[in-house]
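Here the structure is laid out as structure tokens; the discussion comes afterwards.
Which chain is which? They are A, B, C, D and E, in the order written, and residues in each are numbered from 1.
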């Protein structure tokens, strides 16, 4: 098709785009490398006092030593056990309570205020009590972590149940499915995405509480290691410990992601 | 209309209902009253040892004493100030960083891994460092609370921005709105509900961190009061303090609810 | 089995939704419910299906449902209501599992309805892989699997684009031709109503009352050849409703 | 101002969506785009409106847009895209605020378009209080407020129930009668297409190519009186598309 | 007058500062003192390093040594010393463990022992007991419980077997029927330099006059305290006056009648003239190094600035 010469012809200007994200993979590691390089330079040149921050190479050395001496696993193993046992307990009970709150008006009316009142209670404040209630051995550590994981799990679970599309439930009822089938086959699978994303938060909190839990009579454990480093003001060890906890958090998050992709492959 | 007598006529059976909640107002208070009555009976009858739990009436008495001696406000005021200043700082910076992560791919790629690595770091472990960085006075307390509120706020904010309906943004672009107008008039208001519900979590965490913050050379403050009670193993004071923190959490949650209803009245 | 809606009124709290509804749904007939939006069509269908209890009045089944019917009153929803975490096959098996049907028998029933709705090759597909039309076809297959006496359809085609709904309408007509099912069909589309309904019930605005019942005697499978006559019926219905639709559309929705 | 789509092809990643599209949109005409779902209708409209960059080819404006036009190419979306946190008035003012229009002038423009779309009494209503039809009317008012040279409409009626869309179609016809706007109108509803389109462009399945362009010469406001002729056109279009629609509907959507 | 900030705990062992402040000895030296109170000793060391506090008093802990190793702080004098004839730190056992055979510190092998943290003075004491009794430290199961309060709770509920603590707490505890006294720390660590006074390296090096004036006033306060409550060679009225003075800072939430016995019982000798038992300090330093708790390159010179007080 041709245009008459006298007519001004102009291309339509582009005005869309933006507000979406393309992953830029190399930037993340680059930022970490830059931060670390800056710290290394700053601490070794004395521009950053060694009271303020440790030298990254020192932290790396400490981590290597920890690994080679076998102490790493001596600390990691009890912590992982505590995390596993405590978080599992808290999450299982939390999901159970959350499901009941989600399904029964009476339970909701009775327990929701209790959970709401428990949420802002700082678990470290209860440490002395936990010693009395559960002893200074593993019991109190499990209990502390479990309590920490419990409340966010409850909240995530009942919210997830509330968010299950009522249309699915109505469909189940319209086919005359028994109540238990509706719960098992419709409500629970429908709530799973919400429960799993609540799990991410519960597990992050569990890691944070690991340190509080290991305040109590723990000789080994990453939390105890970090606390000891703090009290010795040994920044290299402190950061080595924090680094391990941070990596632990990232790994757990990643594992939850895998579980999500597995169980929730039906999502778009 | 009439039916022939020979034809069996039966009413259609009801099979809907359920899976919704009607609030049952009296149950919540009732549960609290029952728990308290049980504890009171248990502790006064000696069935619950006074090492395990305090007597509720003792806790109430302690609270009354606190109030009448004026100590309540002497503890509450510094804590509230710390909470206010710390949480405000953390939330404002968190929202700012979250908005940048939400808007710019480059910032997202660079900062998101840093935030993800910061999230599981237990803030109590960093206490000794905070003293060096920010001093033993209010500075380190503000900083600790701010750091605690920061990470969840960032995560909630950028997630909220990601969840803003892209249709609205495309609409803005189709009318040729400048980038800044789209951000100001479409993206930010659209992200507000998510940001506010993230605030609930940030503030709950702030309260929890109040106790950790007041581990650092605080003479007054609910956190310091609770810690002291814990170290003296004075259960009545411990529970009085925990009660105050819990009430604080419930009140803050309620305030956020009011702000939500105000700012988000446009929601269904 | 006929259904008889006996003097039903219904209200949600203070909102009166339906008033004095009397209606017969006769065997082997499709009754269409049309009316302005918010007039209570869905509510009436829920009352008929037993998903809602009427404030007053009754819905009666006249005569026993057929022996072999697993779920006499069966719904097909506008939004398909397929569980996204179950495959096509499992979505159908969901509604059969609780009736003590033997494994083999179950498999047989499902494969049969899949074949009848031409879905056999999609048995293992997940809902998210299907287009809207296919999803609704699965919902229809699921409804057929429980051998309903009466199908209750709440705007089953309105979520589909018009090309797809055109295709599905043809499917429904040929299905009825073969199986002569009884149905109560809610729609806001007068074209659908005149193409599928033996009886078209026009409801007024809220509180919904029956304004008129229009019958169409042309057999379903011949309607394509009576464009003119149907168009007249449709125009007649549209004139009945136009004013109310306009008012209903301009109504402010109370924020509560 | 005419628009000329010049040999456009487009792909998203490896998916070819459009191939060799050449199309003229002439002043004061409504061009309808129809085609099976997923064929690239919305994509083509986005390319025309500059919301998407074509992989190859160009969209040209022939002639200057009218001086007074604030936003020459203006969209009306299927889902209305009204900001729920702004009132009707503020939703319109949103698109005018950034153009340095004086307060008074702004008020005047908004009140004028509200009056033209019979929305004056709803100026302070919030979107959630409006029915679907009203919302779309606000979206139309907003589009008119920027004095568009060409309206780009992406299935503007498909989210509405058919009674409401019937009402709005009448509105659009009388609007065009008064203002003779230029438009490119995407729809999946052949009835809409034959009632609103001067030219109907039929696209093939993905990758979308132009299969046929059908012109209808009956003036818009007289079409109601030519039911038979329109029905024939519609039937003709339906036969063109039927096979493709069937195939498009049965396609499994790739999970990626 | 020069303004200085002195870190303190509400403990009897900090009385020298309180006396010097109340009786104006700091003023005499031209010092305007502001107290900064802490809940635990460890943060005090960090606060001196950060410059929030100028002088502090605490036990020699791993944290203190590491900070000294970074060149941040210096020990400049002694405060509290285990001394024969004065009640020193006491070794306690739970009744349960006692009945099961933990009658003397020599029986500690295989029992649990409460400490606040690894590298705390409690840890050091446990080590010294084990060393003297001829078994390995590893034979005692140390329970780090972070806070004195938690250790008390654990001991009361018989969850740990033993602990060693300053006399005023110990004497309170053995009133409790399920806690038993089984020994004295001074038998195991003679002349144990329990706490020291320290300041930032910056002050120690650049402001010797300030350090001298502080120590002079501090020693004077200590001498008054010793005379009234340790040597008891003043009249009753002067003693009461001293107890009242201390009570302003210690157990201030208890009525005087209840607080007085605790204060008197808890009084341990404060080093005269703030002199420092450097050999005890060195022993502690070596122990920390041996345990791997502090960097092995830290020397006594880095820890102690011996210019200001008499050392022995």
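By our rule, a contact is a pair of C-beta atoms (placed from the backbone, for glycine too) under 8 Å apart; a residue touches a chain by one contact, two chains touch by 3 or more.
Here the structure is a predicted model, which means the values were calculated and not measured.
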Which neighbours do chain C and chain D have in common?
A, B
Report the chain whose CA-based centre is farthest from the CA-based centre of chain D.
E
If you fit chain A onto chain B using only Cα atoms, how far does it have to rotate, to the nearest 5°?
180
Rounded to the nearest whole Å, what is the centre-to-centre distance of chain B and chain D, using the mean of the C-alpha atoms as each centre?
46
Whole-Å gap between the CA centroids of chain A and chain E
41
Suppose each chain is reduced to the average of its Cα coordinates; what separation in Å results between chain D and chain E?
83
Would you give the residues of chain D that are in contact with at least 2 other chains, written as numbers and ranges?
49, 51, 73, 126, 128, 255
Hey, what residues on chain B touch two or more of the other chains?
15-16, 51, 127-128, 132-133, 170, 173-174, 176, 227, 230-231, 233
Can you list the residues of chain E that touch 2 or more other chains?
42, 46, 49-50, 63, 147, 149-150, 153, 157
Once the touch criterion is applied, which pairs of chains come out as touching?
A-B, A-C, A-D, A-E, B-C, B-D, B-E, C-D
What residues of chain C sit close enough to touch chain A in their complex?
49, 51, 71, 73-75, 77, 79, 81, 83-86, 94-95, 97-98, 126-128, 146, 152
Note: in the complex, chain B contacts chain A through residues 15-16, 18-25, 27-32, 35, 51-52, 103, 105-106, 108-114, 116-129, 132-133, 162, 166, 169-170, 173-174, 176, 179, 182, 187, 201, 204, 207-212, 223, 226-227, 230-231, 233, 235, 238, 241-242, 245-246, 248-250, 252-253
Touching residues (chain side chain E, partner chain A) in the complex:
42, 45-46, 49-50, 61-63, 66-67, 70, 72, 117-120, 141-147, 149-150, 153-154, 157, 159-160, 293-294
Chain B-facing residues of chain E, complex
36-39, 42-43, 46-47, 49-53, 63, 147-150, 152-153, 156-157
Of all residues in chain C, those that touch chain B in their complex
3-4, 6, 22, 24, 46, 48-53, 58-64, 73
